[in-house]
Amino acid sequence: MNLVQHFTEVRAYTEAICQPLTTEDHQVQAASFASPAKWHLAHTTWFFETFVLLPYMPGYEVFHSDFNFLFNSYYNHAGERVARTHRGSITRPGVQKVYEYRAYVNGAMSRFIKDTPEEEVCNLITLGIHHEQQHQELLLTDIKYMLWQNPLFPLYHADTRLLDNERNEKQGFVSVEAGVYDIGFQDTGFCYDNELGVHKVYLHDFEIDQGLITNGEYLEFINDGAYSNFDVWLDEGWSWVRENNIGAPLYWRFIDGEWHQFTLKGLQRVVPDEIVKHISFYEAAAFAEWKGMRLPTEFEWEVAAQKLHWGKRWEWTNSAYLPYPNFSRAKGAVGEYNGKFMINQMVLRGASIATSPNHGRKTYRNFFHPNYQWQFTGIRLVK
Amino acid sequence: MNLVQHFTEVRAYTEAICQPLTTEDHQVQAASFASPAKWHLAHTTWFFETFVLLPYMPGYEVFHSDFNFLFNSYYNHAGERVARTHRGSITRPGVQKVYEYRAYVNGAMSRFIKDTPEEEVCNLITLGIHHEQQHQELLLTDIKYMLWQNPLFPLYHADTRLLDNERNEKQGFVSVEAGVYDIGFQDTGFCYDNELGVHKVYLHDFEIDQGLITNGEYLEFINDGAYSNFDVWLDEGWSWVRENNIGAPLYWRFIDGEWHQFTLKGLQRVVPDEIVKHISFYEAAAFAEWKGMRLPTEFEWEVAAQKLHWGKRWEWTNSAYLPYPNFSRAKGAVGEYNGKFMINQMVLRGASIATSPNHGRKTYRNFFHPNYQWQFTGIRLVK
Amino acid sequence: MNLVQHFTEVRAYTEAICQPLTTEDHQVQAASFASPAKWHLAHTTWFFETFVLLPYMPGYEVFHSDFNFLFNSYYNHAGERVARTHRGSITRPGVQKVYEYRAYVNGAMSRFIKDTPEEEVCNLITLGIHHEQQHQELLLTDIKYMLWQNPLFPLYHADTRLLDNERNEKQGFVSVEAGVYDIGFQDTGFCYDNELGVHKVYLHDFEIDQGLITNGEYLEFINDGAYSNFDVWLDEGWSWVRENNIGAPLYWRFIDGEWHQFTLKGLQRVVPDEIVKHISFYEAAAFAEWKGMRLPTEFEWEVAAQKLHWGKRWEWTNSAYLPYPNFSRAKGAVGEYNGKFMINQMVLRGASIATSPNHGRKTYRNFFHPNYQWQFTGIRLVK
Amino acid sequence: MNLVQHFTEVRAYTEAICQPLTTEDHQVQAASFASPAKWHLAHTTWFFETFVLLPYMPGYEVFHSDFNFLFNSYYNHAGERVARTHRGSITRPGVQKVYEYRAYVNGAMSRFIKDTPEEEVCNLITLGIHHEQQHQELLLTDIKYMLWQNPLFPLYHADTRLLDNERNEKQGFVSVEAGVYDIGFQDTGFCYDNELGVHKVYLHDFEIDQGLITNGEYLEFINDGAYSNFDVWLDEGWSWVRENNIGAPLYWRFIDGEWHQFTLKGLQRVVPDEIVKHISFYEAAAFAEWKGMRLPTEFEWEVAAQKLHWGKRWEWTNSAYLPYPNFSRAKGAVGEYNGKFMINQMVLRGASIATSPNHGRKTYRNFFHPNYQWQFTGIRLVK
C-alpha cells in the first residue's frame, strides 16, 4: 500500500469510528485521563499540520492560527497548550469546523505526498499515521467511558465486531526454553523508537498459558473474596481497592442477582466463557498471586508470542516501562513521544479488539499506570 | 398578564437566551458551580413536570421515565439524581431532544392551566415561572463563564443590552434616619418564602451612596496595592487571594499595558466610568475597608431602596443569609428551595443586567458564597 | 484585684492546667485546628513580650530572638511566622525552655507593672490576660482532643471539676417581650472590641428554654434516625454528616451495646440526665429543626441571659459572626484580634465548664466554623 | 560474632543514635513518610516481641497488651494498627516507657537466645536484627528531616562521622564486558528474600564511573538552568519540579549569595568537591539526561560493584523494583516484608554514610518512590 493510500485509509477510519456519535458525544471529556472525540479528531490533524506541513510544505497556510494552542497534547516543544483536564470546555471551534479542518489538512497532505517528499519526511508522515491509529483506540475507549457515565446506558453502535464477546481459541501452557534471546524490532516497516535497539536478554525456562483469563475464572477470584483479602494484593493495589471501593472489573454491575457488563452495545450479561477485560494492573497482579502463578515479563511475552494467539486484549506484563539499552530520545518535539513517560508505568503487550487493523505487532510496547482499567486489558499467566 | 401568557413568555425567553448557542455550547459544564445550558433547559422543564403535571394533571404521562434522575438538581425529596459535578457528561438526551421535552411539557402545561387549576396549584406554577427566571440569569452567567474558558474569547451575541457598559445615573450619599422599620414582602404578587414574615428591625442612622463603585474607583484600589495588603482583607479573603492568585475582578486581563475585560460581546477595554462587576464578597469587603466605609446590611438596603437606582448589579450586603423570624421550611420538596442553604452565604440585594425582566423586587434575597465572582455583582457603600 | 495580682494568677493558672501533662503531651498538635500545649504556653507569653515589653519597657531584652517567628499565631502585623499546621514539628526550644521563657517574661512584667504604666498600656496588659484566658480554654479542649487520638484513652486528671457531668438546674420556657433593646457591653471592666458599640435591636416576642438539651433528649434524636434524614439538615450539614460519617457527638463511642463518651477523666457511660456537649452548629441546627423549634439569635440570648442559668456550654446561636454597627478594626496588630474573622462563622454565647473563672460575661461573643465540635458546645432552644 | 552479641550490639546502637535527642525530638513525626524516633524505638522492639518471643518463648508475657496496636507498622497479618500518618499523635506511652519496653524485651531475648533456639527461629532473630538496622538509617534521616522543619536549624550532634563531607576516592570510567552474569545473593550469611534466587542476566558492554557526582558537577546542572528546562526531565519529574517549586537538592538554601546545606551538624556551605546527596530519582534521571549519559541498571551495578568504591550514597538505578525470577512471598506476616511493595518504586544500590556498620552488601536492593529525597541518595553515571 502506498503512502497516500495508507494515509487516506487511516484518516477515513478515524471518522468512521466517530460516525455513530452525536455532536454532543463529540464534545464531552468524561475524565481527566480521557479526551473528547472532537479533540482526538483535531489533535491527530494538528500533528500532520505542525510536524509535516508547516515545516516542509512550501507556502502552506495554517487552517487557523489558534489551533496549535487548542490541540497540542503534551509537546512542550510545540508551545503552550490548553490544560489536559480542560479539553472538554472548548466548544468553539465546533465539531463541524473540526471536520473541515480535517478535510483541509487531508487535501494539503495528499498534494504534498504526491510530490514525493524525502524519506525523512515520509517517516514523519508514517509516524503521524501510527499516532492516529493509537488515537483510534483511545477514541473507542474514551467513548465507552463517556457513555458509561450516563445512567441510561446508551448504545454506541450495533456493529457485531464490538459485541465484546471474544473467547479463547486455545488454552493450556506451552514451554519456552532458557537462553539468550534477541528483543526488539527487527522487521522492516514502522515501529516506535521505544522498540528499537535489538538487544539480548537472558530468559530462564518458563511456561505460558495460550489462553487469557476468562470471566468465569475471574468470577472465582471474586467469589473467593479476593477483593477483601489483603494477602493477594500489592500494597498500593490494596489502597486502591479500598479507597475506590473496587469489587469487580470496570463496567461490571451486579443487577438483580446477576453480573452484567456495560459494552459498546449496551448492558450485557457476563458470560463465563468469554475473556475478562478492563482489568487494572493491580487486579491482574492480585489475580496471579491468588492463582499461585505470575504475570510474564515483557521479554518472556515477546519471545513466546509466536506460540500464542494474541490481539484480543492488551496484556499486563510485570515489566516496568523503561528504556532499552542504547535508547535515546530524539531531539525536539518528536523526542517527547515516548521517552519522557518511562517512569511509574507498566508495559502491556499484545493488542486489543479496539486496536486498529495492522496496528499491532509483537514488539509493540504499550504502557499505562497500574490503576487504569478503561483500556481493553486482560490477564495471561506464567508458571 | 394571565398565567398562561406569563408561563408562555417566560418559557420562550429561556429559549431566546440559548438561541445564539451552538449544540456544543449547550453541552458543556465549565465549572462545578455552573451547569450546562442543556441542563438548565431541561431542569426548569422537569420542575413543572414533577411538581405540577405529575401530581395534579390527570392522565399526564411523563416524557421520559429517566429524566427525573437526569434533571433533578438538589431536591432530596424528588429522589436520586446525577451528581452536580457530573451534569456535563450526560450527552444523551441530546440538545434537540431537550427542546422536544420543553415543547411537550409546554403543551401539557398550557392545556392544564386553561382548565383553571386551584389556587394552590397556580401558586406552584408561579413558583415554577420564577424558578425558571432565576435559571435564566444563571444561564447567562454560566454561558459567559464557559466562553471565557476558551482562549479564542468567542462572542456570545452582539445584542447591545449585553454590552456591559452600565454607568451610574446618580452618585452621592443620601441619609436614612434611625428607627424601627418593617422588613419583608408586603406587596401582592409573588415572592419566595425567604422574604415572607414581615417583621420589625431597628436601624441606626446611616448614609448610603446612590451610585455603585465604578471601574475607575476599583482601579485605584488595585493600583494602591490592595491585593497585596493583608490589612484590608478578611482572613479568609486573604487566603483566597493568595491561593487563587487573585489581582483583579473576574474576567479582567492586563494586555499590552491596559486592563481589558471579557464580556458577552467579547474582549473590551475597561472603561473607568462604568460600574465594576464580577466582584466577590471578599473583594467588596476589602474595598469597603480600604475606603474607610462599610457595606450595608440587607435591612439598611431594603429600607433605603426607594431612594436608590438599583438593578444593574447584585449588591453584596454584610448580612449573612439567615432565616427571618417565624421562617419555617415548607414540607416536602418545595421546602428545600431556600431554607437549607441558610449557612455560610452572604445576602445580595438588587438585581443585575442579567436578571430577567420583572424578576427583581426590593425584598428579593439573593445569596452566594463569599468567593463567587461569576454573577454580575458590584459594590455599594455606606458610611 | 490589682493588675499585678490578676496577671500573676492567670499566668499561674495556665501552668496549673498543664501540670498533669507529660513532656510528650506538651509537644503534639493533634489536628490543624488545635495547637500543642507548648505552643499555647509560649504564644501567650510572646503576646506580652511583643505587644507590651518590647514597645513599652525601656531596655527590655527579648528572651530569644527567634521566638517571634516561632510563636506568633496569626498577626500579619507582627511578621512572618511558622505555618499553623506546622506548630507541632518544632521540638526546640523544648518544654523546659518554654517554662523558662514564661518565668523570664513574668519577672519582667511584674517589674514593669509595678512602675504603674499608662492606662493605654494597662489596657494592653488586660487584653493579654484575657487573651491568655481564651487560650486556657483552648488548652483544655486541645488536650482532650489529643488524648482522644490515643487508642488507650488515657486520663488527663482525676479532678472532679472535669467530670463532665453537668446537669440543668432549671428547665422550662420563659418569655421575653417584643421591643427595642440595647445590645453590647455596658459595664465597666474589660471586654473585647467586638462587644463594643451599644446599639439598639428590635426583638419580637419569644420563649426560651431555661435548660440546655440533655444527652437523653439527644439520644431521642439519634434513635429517631435523624443522622440519616436529610430533611432536618442544612445542605452543608448533610454533606458534612455523609463525608465524615457522623452519627453522634464528638467523643461518643458505642461499645458493647451502650453509648460511652471520652472525657478528661477517661471513658464514661453517657448519662441521659447530663447536658449534651461537643455538638457542631450543623447538629444543633438539625436538632432544633427536628424538634420543631429553633436556635436563638445572639441578641435574643443576650436579652434573655439574666433569666437563664448559663456557663456550662457554649451555646450555638443562629447569628453569623458579623460586626456591630460602628465597629471598626483598631490599627495595627491588635486590630487583627477579631474583625478579620467576621465571615463564615457562627456566634456562640455563654461560657463552658472549660472557661476560665471570671472570663465569661453575657455580652461575650465567641465564634467558630459550623463544623467544629471540639469545644464544650451545647444546644438551647427557642420557640 | 555470636547471635546474642550481635543482637545486643545492634540494639545498643539504636539507642546510641537517639542519645542526642530530647524527649520532644523523640515524639515528633515531621512528615507522613517519616516516623517519630519513639516509634522506631518501639516498633523494632515490637518486631522481636511479636514474631519471636510470643510464638516461640514459652511463658513469655507481653510488656503491654496495647503495644501491638500502637507499634505495628504495615503488617496486615499482625492485626489492626495506628494509621501511618498518625504515629506522632500518640504521646503515651512516653519515651521513658518505650526505653523500658526495650530493656524488657532485650532481657527476654537474651535469655531466649541463650537457650539455643532452632535454626528457623535464629533466622527470624537475624531478620529482626537487620530490620532494626534498616530502621537505624531511617532514624537518622527522619531526625535530620525533623530538625530541618525548625527555622532555628538546630544541631543533632557534633560527631565528625556526620559531617557529611564525603569525597570520591577515585573517578574515571571502568568497562564491563558483555555477557551472561549471575545476579543475586550467593554468599553465606543474611540477606533479604528479594535478593534470593540467583539467576542469569545478559548485559551489554558498558562503562561506569568510579566516582559519584559531586556538588560542583551538580551546580553546573543548576547553573545551566536545568530545573527550568523541560527537555531533560521525565514528564512526571517535570510536574514534580513545578508543583513543588524544586530548584536544588533537599536541604540546600541559597543564603547571602551562596549555597548552603543543612546537615546533622547544622547549616554548612556547599563544598564543590564533596559528593552531592538528597537527590530524587527524578533529579538523578534529569542530571543523566543533561549530561548525555544514563543511570546504570541494578544488574549493571551489581556486576560492576567489585570495581567501585561504594557505600557513601545510596545510588539510584534505572531499574524498577520488581521480583527476581522465582521470587515468591513467604506466607504470613514476614512475607509482607518486601514483595507487596514491588510497584512504582525504583531500586537503589550501594549504602550510605547513614547505613549501619555491616548492613550493606552488593546485592542489597533498596527502593523508594522516585520523588523522595530525604535519604542520603546520590548519582553514578554510565555511558
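Per-chain residue numbering starts at 1, and chain names A, B, C and D are given in the order in which the chains are listed.
Keep in mind that, in the parts below, contacts are C-beta pairs under 8 Å (C-beta built on N, C-alpha and C of every residue); 3 or more make two chains touch, one makes a residue touch a chain.
In this text the structure is predicted, and so the values were computed from the model without any measurement.
A.B. asks: If I average the CA coordinates per chain, which chain comes out farthest from subunit B?
C.D. replies: That would be chain D.
A.B. asks: Hey, how far is the Cα centre of subunit C from the one of subunit D, in Å?
C.D. replies: 44
A.B. asks: Could you tell me the distance, in whole angstrom, between the mean C-alpha positions of subunit A and subunit D?
C.D. replies: 37
A.B. asks: What is the distance, in whole Å, between the centres of subunit A and subunit C, each centre taken as the mean of its C-alpha atoms?
C.D. replies: 57
A.B. asks: Identify every two-chain combination in which the chains touch.
C.D. replies: The list of touching pairs comes to A-B, A-D, B-C, C-D.
A.B. asks: Applying the document's contact rule, which stretches of subunit C touch subunit B when the two form their complex?
C.D. replies: 74, 76-77, 178, 180, 199-202, 204, 230-231, 233-238, 281-282, 285, 289, 294, 318-320, 322-323, 325-326, 329, 340-344, 346, 370
A.B. asks: Looking at the complex, which residues from subunit B come into contact with subunit A?
C.D. replies: 22-28, 30, 38, 66, 69-70, 82, 86, 88-92, 94-95, 146-147, 149-152, 154
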